[in-house]
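A, B, C, D and E label the chains in the order they appear, each numbered from 1.
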Amino acid sequence: MHTSISRVAAVAAMTAAGALVLAGCAATAPNTPNGAEQGGGGNGTLVVDASFDLATADPNREYETTGSIVAKALYETLLTFEGDDVTEPVAGLADFEMSEDDRVLTLTMESGHTFSDGSEVTVDDAVFSLQRVQGIAGNPSFLLEGVTVEKTSDTTLTLTSETPNPALPFILPNPALSVVNQEVVEENGGSADASDAAEDFLNGTSAGSGPYILDSYDANAEVVFTANPEYSGDAPAYERVVLRNVPGETQQLNVQAGESQIALDLNPDQAAGLDEDAVTLISGASRYVIFLFLNQSEGVSPVTSNPDFLRAVKLGIDYDSIVDLAGEGSVRPGGFIPSLFNGALTADQGNQQDVEAAKEALAASGYAGEEVQLNFPNDITVQGLSLQSVAESVQAQLAEIGVNVSLAPAPVATELDAYRNGTEQIGLWYWGPDFPDPSNYLAFTPGELVGLRAGWTADADPAVKSLADAARAATGDERAAAYEELQVAQNESGPFIPLLQPAQNVATAKSVTSVALNPVWTIDLGATK
Amino acid sequence: MTELLRIEGARISYRQPGRGRIEAVRGVDLTLEGGAVLGLVGESGCGKSTIARAVCGLVPLDDGRVLHNGRPVRPLGLRRRDAEDLRIQMVFQNPYASLNPRRTVGSQITDGLRINPDRSAWTVAGLLGEVELERSAATRYPHEFSGGQRQRIAIARAIASGPDLLIGDEPIASLDASLQARVAELMRDLAVRTGAGLLFISHDLSIVRVIADDVAVMRAGEIVETGSAAGVWDAPQHPYTQRLLAAVPKVDGLGTLPG
Amino acid sequence: MSDSTRRGLAGSGSGPTGDGAVRIRDLRVELGPRSARRTVLNGIDLDVSPGQVTGLAGESGSGKTMTGMAVMGLLPAGASVAGSIRFGETELLELSPRRLNAVRGNRIAMISQDPTSSLHPMLSIQRQLTDHYRAHTGASKADARDRALELLDLVQVPDPATALRKYPHQFSGGQLQRIAIASALMCRPTVLIADEPTTALDVTVQAGVLRLLRGLCDDLGLGVLLVTHDLGVMSALADTIAVMRGGRIVERGTRHQVITAPEHEYTRSLIAALPEHHRPADGKDPS
Amino acid sequence: MTAAMPVLRRRRFTTPRALRTPLAIAAIAVIAFWLVVIVLAPVLSPAGPLSQAFDRLQPPSAEHWFGTDQVGRDVLSRVLHGARVSVPIALMLVVASMLIGSVLGAVAGYFGRVLDEVIMRVADLVFAFPTIILAMVIAASLGPSLGNAVIAILVVSWPPYARVTRSLVLSARQTEYVVAGRLLGNGPFTSLTKDVLPNIAAPVVVLATLDVGTAILLLSGLSFLGLGAVPPTPEWGAMVGDGVQQFASWWIAAAPGLSIMTVVLAFNVLGDVLRDTLDPRTADAVKGGTL
Amino acid sequence: MLLLVGVTLVTFVLTNLVPADPVQASLGEQAAANPEIVEAFRERAGLDQPLPVQYVTFLGNLVQGDLGTSQQTRQAVSAELGRAVPATIELALGAIVVSAILGVGLGMIAALKRRSAVDQIIRLVSTIGISIPSFWLALIVYYVFFFQLRLFPGSGRLSAILTPPPTVTGLYTVDSLIAGDMVAFSDALAHLVLPASVLALYTIGLLTRFARSAVLEVLDQDYVRTARAKGLPGRAVLLGYVLRGSLVPIITVMGIAFGSLLSGTVLVENVFSWNGIGQYSYNAATRLDLPAIMGVGLVVGVVYILLNLLVDVLYGVIDPRVRVA
């Protein structure tokens, strides 16, 4: 039936597209869009649509969302997480044991894992891979900063930290710390220092022990995987996976039309528009926190660095309406730590809107209607949500209390510079955790990485500073409480205003029975059925 | 005594894209006295128009000289023309292209009057009368006139500036046959009456015969014969002149084939 | 077709039979948009007979060119035509476009004023000489080429074989007009409409073309409608002359009669406008 | 200037007649409509263009003719106010690039030589880039804002004017009336202003009319890509860009897209009508350089 | 050649005017804060050199066919362009072929029926064609023809379940034909229809208008009257004389139209996830990926030059006067 309709269509298309294409449409009709439907079961092809931010297929260099998906499919890590539970690391290529002082992590290789060329994964491969991450000074190398990797026997290696590092087991599952085949990588110019030249090779051929091997790689368009016959775990459900770069709005149409089986980057509105008879929707809070900050440096803005002004803004924002804007599944975090992690605050522990109080605070600040600039990147989306809508809402809400905000969007590449150099007056950004441990969020404290971007110098807020130090030093069960306390203090006096955790909406075709999502690597293609 | 116009050994070439240089004029000598009419005849492409343009300074010479009252004519670059050179004026072939379509006839004639050394020599109305047009023509635009009328306007504009050397570059070629002789005669009369010399360029021998005192016959960039108009007409010396004259059809009603 | 195809090149004219003649009777043509309709031809009667040159004189805008176009069926779009144009037994004004196409270029041919623009600048001479010949006669490429060579020879284009391979811009104006004439004669027409055929040419070249036309007329029995404003050309070539003004024929007669003893005032003014020495001597009719 | 507006050849036209065709009238009516909107947008709009007072993503209804957008703004109000952004800016852009381009072109054409070489090589360089790619690089480099988008478009849009003006000046310079003027003692400046420019102004103005549409398309295209108008400015291209995010809420993009189309269409038709009244040859020169 | 150097120089200067630092754009949050990583990155990207040295290095590499490495994807720019350019060429060729046939055809009809209703309609439609914002049309077309009607496939150049044919030309349609893979061929062709049509609409409008005026011009020529006077059948006059005579301006416009197609691809490829030069240049520009931008500039410059060359060659083929000279 489709055939005949398509033929009619082909004739209609002729008027639009000209006689030349006629032959093509008519000829194609039988296997157009529906062909993909058969890909669902058995050994077929799985088509996954994602918005790419792919930079490399070299696992030890990647540090992007898409890169993690790719690395996770091609390689294995020493430790891993079970399903989407990131509160407890489990054994991967190796089992682990942490010393009492949280300084020495001992890893014991599990046997039976083989690379795609058939050779066994050894402790040497593991040591080489971790040292390579450090040595080539790529994006992820900070993960192992201050860590010494040593082979201690034919089956064990140790990771020794300079300072207590309780987060290390949570860091190791990061796909950037994947184990690569030392022999193959070295044959192709690889090394564990700055002279490494294996990236080109790894962009064409995988050298890992993961469920898939790399078939083709185009960082701008698509990555194709085929099943790794040497994979030691359960064979993946799909013989071939195509991971395509498709914008969110098109993903929505594709997955409904059966052109793809999984759409990863739907925003809530797109998700809401899905036909639930045709697709399955999985939504939940994502690990990203979108936040606003007001620069505390007087040099950048005398207005935003005014504590009363800061308070006015905190009180003036309608947090609930922003979360509404972001749609079903998004969550309002109580502090900068997302709801999924230890130490997170609940929404009612965070700041609340109070328009009257806000106006009073604004009056107290001596604000006289000066224009303040709100910078944000406008060419990226966070889980399909564009920061522009959030910025527009914030602008309108602050206008209510009398703050004159002008929006200054820019492509992320341009804007990052200003953001990281701490020259933005008001910034609207998001933070994706490097590893699922609250210590990652110490960056948001005075004198630290993100704190400095808001002009929050080490001596700017001694109270918060000391709470941060306490949190860093806390161990065991004390940790959660320490981080909670830190966030409450930040909410009170700090420059950061956490706004929301956007929902992660993943739509799948009905033929897909199980999707292995995880906050660290987004999706495990090998475990998707 | 210096002649009004003396051309000595003029050589002029053009660069044509893809074909290199083409020598249009190869060593031409000509003289013209004040008040006289020199007819320059020849077939298309012989170089006669090039000479006209060279006399006005519109094309540079490769070699030789063009002297106007004994003074070399300056090639027209980006600068304003020298006062001396302003006394050389030209009437162009195409009456549809030689008048500015956006300006009234009167204002264009006034352009000429402005540079006339004798400010009171003419008025716009007077000139229009001289070229047999209504006074009211002054306020109208060129497109409202026929080809013959436009050519009269162009003549009036040239005369308005009080030239001592007037050049007609095929001024009658695009007019209907019945108008050609009249316009040519008008041009000659005005030039002679104002004491100017006239260099009249045409391929139409029969008309040149009527208005020119002397004739120069040109062929392939060279002058092959000069002489009085009557003399050349009645007793052409050069074979080319003979052929040229023989080719002119006779309006005798006898069916005589020319050539 | 029978008559003209049988007649060879060298064969002398078949005389002024009615078959190859064009008879125009009371031809009226109106042009222009409905709001500004104007009559350009107002009751023209004219005959073009084989072996004869019929001259049509007049100034620009008099309608002489329009008369030729009417015969060819090439009036501008939106023209309305009344009257009769008969070619032999055929009423041209009533022919379907397809059947008109079978006549023009085949039995009635045309050459126009400027050969540099009437020949397609991008097509070879061979193509332009032979395409209509092949369309009309169904001749093979080789036969058409032979015919073209024959005609180029007839109109005295040097080295016809090379000429066929060339393009218009490689010829002088006079040569091109000869080529245009050859193209017009390819299908052995009986009538040739020559619209200002020499106006764009230099006098020496003009003389040659005039001689050629006269020869074709005499040798092939071609009937020529000569449209020109040049009384010199008219006097040299035309057998009879009709003088047009404002869409009407104001005077007609033999060549000698019209030129030496014009009756209509307008004709007289035309002749009076000639340079003095150029006017006809008082009427001595040799015949 | 009275009824007649003569051009290079024998043709003439009177303005009223040329503009009396149904299409021309329609085009003028559309432009007039938008001009009224530009003036009266605040009065006509049911809501403020920035007001987020409504429920999000409502389809068109009696209350919201064109629906509401992703942050709950009335699309109709934004479209009406959008006219105040796109149309005036496009008009100014075209006038500016016409002035820059034709002055450069006239200088290059009339004075020739080194100036000509330099100006035209630069124009070639700009030509060699597809307009939007160059505009994109510029806008991305300077950071997105309407002002920078305007600069970017200016940079890429003057060369056509320079080319057309230059070629018109070149051929006008050869015309006999210009030469005659020089023979009558006109200096270069007089010649250019009195004889050359008045006679080439018409085609350049027609080109400009046709270019208004192109300018609107470019401007909205850049905004669509996020490199032009800054939110929450109600710019049409940016609004279409918002609509892209929600295919299901087709109305967000529908009205602004249609608005762009009607305005561009109206200016193109008007330009066509003006062009048709010119000599076809001049018209070719005009269109030959539009891109 | 001068043009190419000019293009690269302009791009180079332009992209270096940017206040932003490409290092920041390419490095992650934590990494960018680590001077060692930043230093390593700068060294890899050659950004540690002074600007003029960078440019000279670029030119030097260029001469050896090396366009450098993308800062964003760390792949050879030439390799990435090698994938993106054929994709766009395929799209643009499809569009230009469609628009050449339709545009010239409609233009001729309009010219022949000058001032008739048909003429008016064609002219209006062609004007609409150049007035519709392509990015908007692309949305509509994608939504309607792919999503609602399911007539044509959506994103990309080939259905994901199919394997691209072995690369010969990089054009999927051509390559699949070469490989004899008819399934891939028809699939690739079907993917081409929507984006190429959207892209073509503008050029159809453009070409129709030009073809109309070019044909009108030629219809007035003496040689057309002569051809008709020769009694040639209407079609022979039209194709042999009229079209031939109007080809030169039409070819010129096709050259220009191809350029405008490249512009159009930026907006259209975006919607159709067509990974061609348009997408690539958008990414390069917004991510300030200097080598990639330079690469795009070069490619575009080369295409421009080749196009001019091709147009010149075609002039020669069409017009013997040009050929001889």
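Note that a contact is a pair of C-beta atoms (placed from the backbone, for glycine too) under 8 Å apart; a residue touches a chain by one contact, two chains touch by 3 or more.
Here the structure is a predicted model, which is why all the values come from computation and not from measurement.
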By Cα-centroid distance to the whole-protein Cα centroid, the innermost chain is E
Of A-E and C-E, whichever chain pair has more C-beta contact pairs: A-E
Could you please state the distance in Å, as a whole number, between where the Cα atoms of subunit B are centred and where those of subunit D are centred? 47
Roughly how far is subunit A from subunit D, going centre to centre by Cα mean, in whole Å? 43
Measuring centre to centre with CA averages, how many angstrom lie between subunit A and subunit B? 85
If you average the CA atoms of subunit D and of subunit E, how far apart do the two points sit, in angstrom? 23
Find every residue in subunit B that makes contact with two or more other chains and list them. none
Could you say which residues in subunit C touch two or more other chains, in rising order? none
For subunit A, jot down the residues that touch at least 2 other chains. 247, 250, 253, 379, 411, 414
Under the stated contact criterion, what part of subunit B meets subunit D in this complex? 56, 58, 76, 78-81, 86, 88-90, 92-94, 96-103, 111-112, 114-115, 141-144, 154, 157, 161
Write out the stretch or stretches of subunit E touching subunit D in their complex. 2-3, 6-7, 10-11, 14-15, 17-19, 120, 123-124, 127-128, 130-137, 139-140, 143, 147, 206, 209-210, 213-214, 216-217, 249, 252-253, 256-257, 259-260, 262-264, 266-267, 270-271, 278, 281-282, 285-286, 288, 293, 296-297, 300-301, 304-305
State the interface residues of subunit E toward subunit C in the complex, per the touch definition above. 114, 221-223, 225-234, 236, 240-241, 244-245, 318-321, 324
Subunit C to subunit B touching residues, read off their complex: 59-60, 173, 202-208, 210-211, 214, 229-239, 255-260, 269-271, 273-281, 283, 285-286
Subunit A residues touching subunit D in their complex are 247-250, 252-253, 267, 269-270, 272-273, 325, 378-379, 386, 388-389, 391-393, 395-396, 406-411, 414
